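Have a look at these structures, which come just after this line.
In the two complexes below, chain A is the common chain; its partner is chain B in one and chain C in the other.
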Partner chain A sequence: MANVTDKTEVRSSGPRESGMNSFNLAGAGRLLARQGILVAFGVFMIGFTLANERFLDPDNIMGVIRSSAILGVMALGVTFVVISGNLDLSVGSMMSFATIVVLDLHDKIGPALAIPGMYAMVLCLGAFIGFLVGYLKLNSLIVTLGMLSAIHGLTLTYSGGKNMDIADKEGTWFSVFGQSDVLGIPVPILLFALVASVLGILLAKTPFGRKVYAVGGNGTAATFSGIRRARVVFTCYLLSAFCVATAGLLQASRSLGSQNTVGQGLELEVLAAVILGGASLLGGSGTIFKTVIGVLILGFIQNGLLLVGLQFYAQYVVTWVIIILAVWLDIAAKRGKLWSPIA
Partner chain B sequence: MSQSTPALRLENIVKTFPGVRALDGVSLEVLPGEVHALMGENGAGKSTLMKVLGGLHQPDEGKIIVSEQLVRMASPLDAKSKGIVFIHQELSLASELTVAENIYLGELPKKRFGLVDWQKLYAQTDEILAKLKVGFNAKTRVGDLSIANQQMVEIARALTVDAKAVIFDEPTASLTDAEKVVLFDVIADLKDHGVGIIYISHRMEEIFKITDRISVLRDGSYRGTLVTAETNEDEITQLMIGRSLDLSRNVNHNELGDTALEVKGLSCGKLYRDISFEVRRGEVVGFYGLVGAGRTEIAETLFGLREPSAGKIFLDGQETRIHSPADAISKGISLVPEDRKGQGLVLGMNCRDNMTLPQVDDLKAGPFVAEGAEVAIFDQYRDRLDIRTPGWKQTVGNLSGGNQQKIVIGKWLSMHPNVLIVDEPTRGIDVGSKSEIHNLIRELAGHGYAVIVISSEMPEVLHVSDRIVAMYSGEIIRTFTSDEVTEDNLIQAISGITPDKAA
Partner chain C sequence: MEPGTLSTFLKRGAIWGFIVLQLVFFSVAGKYLSLSDTAFMDLDNMLLLLKQSAPIGIIAVGMTVIMINGNIDLSVGAIFALAAVVMLDSMTWPVFAGLGDWVIPVGWGLALLTGVVLGAINGLIVWKTGVDAFIVTLGAMLGYRGLVFMYNGEQPTSHLNWTLVDFAEAQFLGLPTAAWFLLGTVAAVWFIMNRTVHGRNAYAIGDNREAAVNAGIRVGPHFLINFMLIGFLAALSAVVFYSESGSVNPNDGQLYELWAITAVVLGGTKLTGGSGSIISTLGGVIAIQLLRKGLGHIGADTETVNLVIGLILIAVLFLDRQLNLKGKQELRV
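For the complex of A and B:
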C-alpha cells in the first residue's frame, strides 16, 4: 500500500508536486474542474437552445458539422504535432496555398492530376518544416511562424495576387468533395470522419502513435529508448501537411474559386480546437477523439453566437474568451485548484 | 549540543490523504545546535512531514512548536518568516539573475522611487558570502555557478532570515566529494550559531559523519530516535526496514563465459582518453570514480549517444561501430541511465507502455501494437522484479523512486541484452529497494549477462562487482579484482594520487 500511494512522498519535497497532492476541491468540484470544458459546453448548448429553437434543428446541426469539417481535418493533423511536443502555426496559410494550387492546376492539367499534384506540393512543404524542426531541431514556434508568412508569400507569387477561379464551374466533377452527399450525408463530413478514424487508430493503436506520445512526453527518454525522435517529429509534420492538403481540397471543391487568404487565421482556430479537446501544449497528451470534440464545441459555440444574434466580428472576441477560460479550467483541473502560486 | 529548549518540536502530527494515513502521530524534536537526521524509506513519510512543517500541507492533528511558541504554518512564506528554512535538493534559483538578486529576491533593498539600491544589495550579499567562504561574489550570474555553489546560494538565502531550523533535503545528491566538504563546514558553522538542523539523506557515511541524532520513520509512523555516536548502520537499517542488510564485499563469483564486450583505446575528445577494458558473460564490472571522471560518457558512447574520436569496440569478438541508441539496442546493448526521471521514463505514460517502449516496433499484431503481449511482458517483469503497482495502467510518475527504477530495469531486461550497463542504479532510492536491486544485478550476472555498473557509492561498487575499474579525470587509473581492492587503494586511485602499482 505504502508503495502504491507514494504520491505523498514524491522525493523532492519541493512545492512543484503539490498540485498532485492537493485535495482542496471536494469530489464534485473536482469532477467539475476535470470535465470543465464539457460542462461549460453543456451550459452553452442549453442556453443557445433556450434562446433560439433553430439551434437544435437537424439541418442546423448538420450544417455546423459540415462547416466544421475543413477546420476539423486540419486539427487532426495538428493534434499529432502538438502531442509530439511541437506547434504548427503554418496550417492556415498552407491551406490557402493548397486551395489556390489545386484550383489553378484544375484548369491546366485537369482535376485527376491536379489533386495528386497539389498533395505532392503541400507534402513537400510539410517535409521541409519537418526537416527543420525534427532533424535540425529548430524551435517549432519560430519555424512555423516563419513558414506562415513564407507560404503566404509563396501563394501570392504563385497566383500573382489574383483570385483563382475554375473557368467551367458547371462542367467539372471536382465539386463532389465539397458539395455532394452520399446516403444523405455531406461528403465533407464523411471525409472528416474517415480521416479522423484512420488517424485515430494510427495514434491510439500503432507503434508510431505510441512513439508520438513518448517523444512529446519526454523526448530525452524516448531517445534513450532507441526511438528516432527526428523521424517521429518529421512524420507528424507530414501528417499535418496531408491533412492541410485535404482541407484545401474540400475548400476548393466547395467554392470552386478562392482568394489568396482563404485560410488566414485558421491556424489559431485549429490550435484552439486542439486545446479545447484537452491536448497539452507541452506535448505527450491528447487524443484524436478529444480533438473532434474540441472542433465540434468550437463550431457549435460559433454557430450559437450567430443564432442569438451576436454580430459576426464580436464572435472573435467571445470565441477567444471561451478558449482562454477553457485552458484555465484545464490547468486548474491538473493542479486540482483554481488558483495556485506555483505553476 | 546545548541543553536549552528545542529549536523546533513536532508533536503527534497526523496527516491523512484519501485512502492513506501518510503520517500517523509523528513526533520530532530538534535542539538548537543539533544536526538531526531524518531517515526512512521512500514512502515512509519524510517528505510529507517536511511539507507539513513547510506549510504546504496542513496537519489533521498535532502541534508545531517553534522556540516554545505554538505555531501554524499557513504557507511556505509563513514558515520562512517563522524561521523554518528549506534547502531543497532540486534548486529553485533564477539562473539568469545574479547571486545577490537571487538571495534577496522579493525583498530587494530600495531607494527612492522604488529603484533598487544596488550598492546596499551587493554589500549585504558580500557580507553573507564572506561568512560562507565561497569563491564567487554577489555579482556572479547564478547560471555560471556549479551545482554545489548554487546550493551555497540557497544556503546564503537561508542566512538572511533569522533561522531557527534549517532543513537539508538530500543536499549531497549532486555534489562532488570536495564540494561536500564545503557543505559540511557550512553545516558545522550553522550548528555553532545555535541553529537546529534537520538532515534528510539516504547516505549512511554522511549520517555518521555529521549528525548528532537520528530519527527514523517507517510507513508513516515514528520508529524511534537514536544517538548517532551510540548506534550503527545495522540498527538504523533494522528500524527503517525491519530487517538488516547485507552490504559486504562481493565474494561469490560466477563462472565466466566469453568476452561479450571489449573496448580498446577508446577516446572521446577531452571527456576520456585511451580507455581499454573487457566484460565477460557472467561478470559484473564496476566503474568507480568522481562525478566528471568520464564514466557516464563512456556508457553513452557504448550506447550510441556519443561518437568516439578514437578506439575500437568489439562485441562478441567482432569489431563494431555504434551509431545511435537504436543501433546499440539492436546489437544487444542496454543502458539504464543515471537520470531516471529525465532519461529513463516518460513520467506521464503508464507502466506498461514505459516498459515496452524500446520494443514497441517488434510487438505487433498486424499493423497494431500487440497490447496483450505487452501486458504479458509487464506482468512477467512486475513479478520477477517485485514492482509494487496496482496495475499496468498506473502512471509511472505516481510510483516511488525504487519502483520507478525497477520499471526502467525491467524495460531493459525485457530486451534480453548481451551487455547491460547500469548507471547509478540506486541513486535516490531507499535502502530496501537498494538491496533488492543489488541482488538483482548479481542474479543477472549469474544468468550470463555481461554487466557494467557505474556508481559513485563505494559500498555499492564493492558489493556488486567482480572487478572494479577506477577512473580519474577521463583515464583508467587501475583495474582491481575484488581480491585486491581495499577502500584505501580505491580512494587513492580515484583521487588522482599516483597509485602504488604494487599495492
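For the complex of A and C:
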C-alpha cells in the first residue's frame, strides 16, 4: 500500500502545481483517485435513498449485509492472495466442498466434531494449493483453475452427486451460525465483522502483513531482503482456505441442506468484489477495509436496484459497468491520462 | 541435433502422445472393466467424440489466439449463451415470418453478429482504457450473463426448426456436421495465425509487447480483431450446438471459459503469450473429451472426470516447467 501511495504523490507533485488553486485541484483529484471507491459508495447510497426511502431502513441494511456475509468472508481471504500477487479461482468449488462435508459429518459424528473436521479438510486443500503455488512456484491461475475442477470432482465423489441434508433440522444447535441473532445483530454479520477485523489487523499492523505487500509488490526485492516468499504465499492460501471454510459453515448453517454446486461461480464474484475494492491483480495493493466496501457495494447495488424496481438480473449489467469504470479510473489516475497509451 | 530440440519435440508432441496413451489404456482396461461389448476404439465412437468436442473445441481455438496475444477471455460462456438465445428467438420473430427456411441464415447471421459485437466491446475496452483483459472480460462475463437473463428471465428459450435439425444431424463424407465446423475452424484459424501478417503480429505482441510496438506494430487493432474473432467463434459454437438441440437455458455455457482455457493449456500454449499452436489445442480438446468418454467406458463415476482433469492440468504445468528448466529456458511466469 505504502509504495503505491508514494508513486501517486511523486507523479502529481510535478512543476504544474504552481498556484494555490491548482494545488487544491490536484489534492482533490488525489483524494478522488485514492478514495474513489468510497466516493462511489456514498453516491450510490444517496441515490438509492432518494429513490426509495425503504432503502435506509435498518432492517433492510441489516438484511443486505447479512446476505453479503458469505461472499464477504471469502473475499477477505482472497484479498490476501491477490495482494501477494496471485489468484484464487478455486474458492467457489472449495466452498461447495466445505458445505457438503460439514453437513455430511454433522449427521455422522455430530456438529461439535464436524466443524473442526471440515476446517481440517479444507485447510489441507488450501495447503496443497499453497504448496504448488508457493514452493513449486507454479502459475496460480492455472493451478487454482485445475483445483476448481478437481475439488468440484472431489465434492461430487464425496456426496455421490446427491444433495446433502441434515436429518433432524429442528433439534440441532448447528443452525446458530447462520440463523440466530446476538443483541439484535445476525450472527453471520458478527462473524464477518470478526474475521474482517482480525485479518484487517493482521494485514495492516503486523510484520506478516508487511511481507504480503512486499512479496506482491516486488517478489525479487522481497526475496533479496530476506523474506521467505514461498512461506508467505503458502500462508496466504491457508488464510484463504480458512475463510472459505468459514463461508461454508455459514452457508451450511443457514440452509441446513445443500446442493453440490452451491458455490459454483462464486470465485469470480468474489474476485469482482476484491477488484472493486481497488486491489490490483498485479499484487502489492489493496486493503481489507476496501474489500469490505467492495463487498457491500455489490450487495447494496443488488438490493437498491431491486427496490428501485429493476429486475434482479440488471445488477449484473450494472456490476459489469462499475467494475470496469472503477479499475479504469484507478489506473487512469495513476498514469495521469484517461485513455490508454496502447497504439 | 541442436540443444533443446528434444525438449521442444517432447513439448510439441506431448499432447498427441497423451492421446495415444489414453486410447491404449482405455481399450485395454475396457476389455476387463467395461459393461458394453463395443470396443473403445470403435470408428463410430471416435466420430461421435469429434462431434462432442465441437462446442468447447471451437471456443478453445479462439482462446488460443487470445492467449497467444497475451490476453485472456472469461466472457466466452456468456457470449455463447447470448448468441444461442438470439439465434433461437430471432427465428420466431414475426418480421421474418414470410421467409420460410431462409430464416435460418438470418438467425445464424444475427447470432454471429451478436458474438462479434460483444467481442468487439471487450476488445475496444481493453484497447482504449488499458484495463487488463482479465478484469474486462471478468466484468463482461457477469454483464453478458445478466443480458441473457434479462432477455427471457429464467425460462429456457426454445425453437425447433426441423430443416435445421436435419442439417445439424446430417453426415457429410462420414463426418457429422459439428465435426466439420470444428475442423474447418481449426484450419481457418491455423491459416490466420501461421500464414498472415495479422497472425505473425499477434505472436510478436504476445512475445514482447514493447519490442512489437518499437517495430511499428499497432497493438490495439490486433487486440480488437482477436476479441472479435473469439466472439465470432463463441457464437459459431452456440449456433452449431443449438441448431440440433433447439433449446437454451440461461445458465448454459457457464464454466465453458474454464474448460476452454484448460484445453488450451493442455495443448501447451503459455498464459504469458507469444507461443502456442492451434493444432495442439485441438489435441487438448480431444484429450479432455477422450478422458470423459474413457472414464465412462471403464465404468468410473462421471464425477471423477473433473477430479482427474484438474490434477492432470496441474501435472502438465509442473512437467512443462521441468522441461523448460532442462531446456535452459526460464519460464516467464
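Note that in this section the second predicted complex is superposed on the first by the 304 of 343 C-alpha atoms of A that agree within 3 Å, B and C clash if a C-alpha of one lies under 4 Å from a C-alpha of the other, contacts with A are read in each partner's own complex, and residues count from 1 in each chain.
Just so we're on the same page, contacts are C-beta pairs under 8 Å (C-beta built on N, C-alpha and C of every residue); 3 or more make two chains touch, one makes a residue touch a chain.
Since this is a predicted model, take the numbers as computed values, not measurements.
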Is A:Ser225 touching the first partner chain B, the second partner chain C, both, or neither of them? first
- Task: Could you tell me if A:Arg66 is touching chain B, chain C, both of them or neither one (first, second, both, neither)?
- Result: neither
Quick one: is A:Lys290 in contact with chain B, with chain C, with both, or with neither? Answer first, second, both or neither. neither
Just to be sure I read the superposition right, which of the two partners does A:Gly217 touch: chain B = first, chain C = second, or both, or neither? first
| task | For A:Thr206, decide between first (touching chain B), second (touching chain C), both and neither. | result | first
Inset, instruction - Using the superposition on chain A described above, determine whether A:Arg254 touches chain B (first), chain C (second), both, or neither. - result: neither
Partner touching more residues of chain A, chain B vs chain C, is chain C
Identify the partner contact of A:Ser149: answer first if only chain B is touched, second if only chain C is, both if each is, neither if none is.
-> second
Within their complex, chain C touches chain A through residues 74, 125, 127-132, 134-136, 138-147, 149-150, 153, 213, 218-220, 223, 254-255, 258, 261-262, 265, 271, 301, 303-314, 317-318, 321, 333
Given the complex, residues on chain B that touch chain A span 17-20, 22, 42-48, 50-51, 54, 56-57, 76, 86, 88-90, 92, 169-170, 219-220, 303, 305, 324-326, 328-330, 335, 337, 342-349, 353, 357-358, 360-361, 363-364, 367-369, 388-390, 394, 398-403, 411, 428
Chain C partner, complex, touching residues on chain A are 89, 132, 136-139, 141-143, 145-154, 156-157, 160-161, 264-265, 268-269, 271-272, 275, 281, 311-317, 319-321, 323-324, 327-328, 331-332, 335, 339-343
Residue set of chain A touching chain B in the complex reads 1-16, 18, 20-21, 23, 201, 205-207, 209-211, 213-214, 217-218, 220-228, 284-285
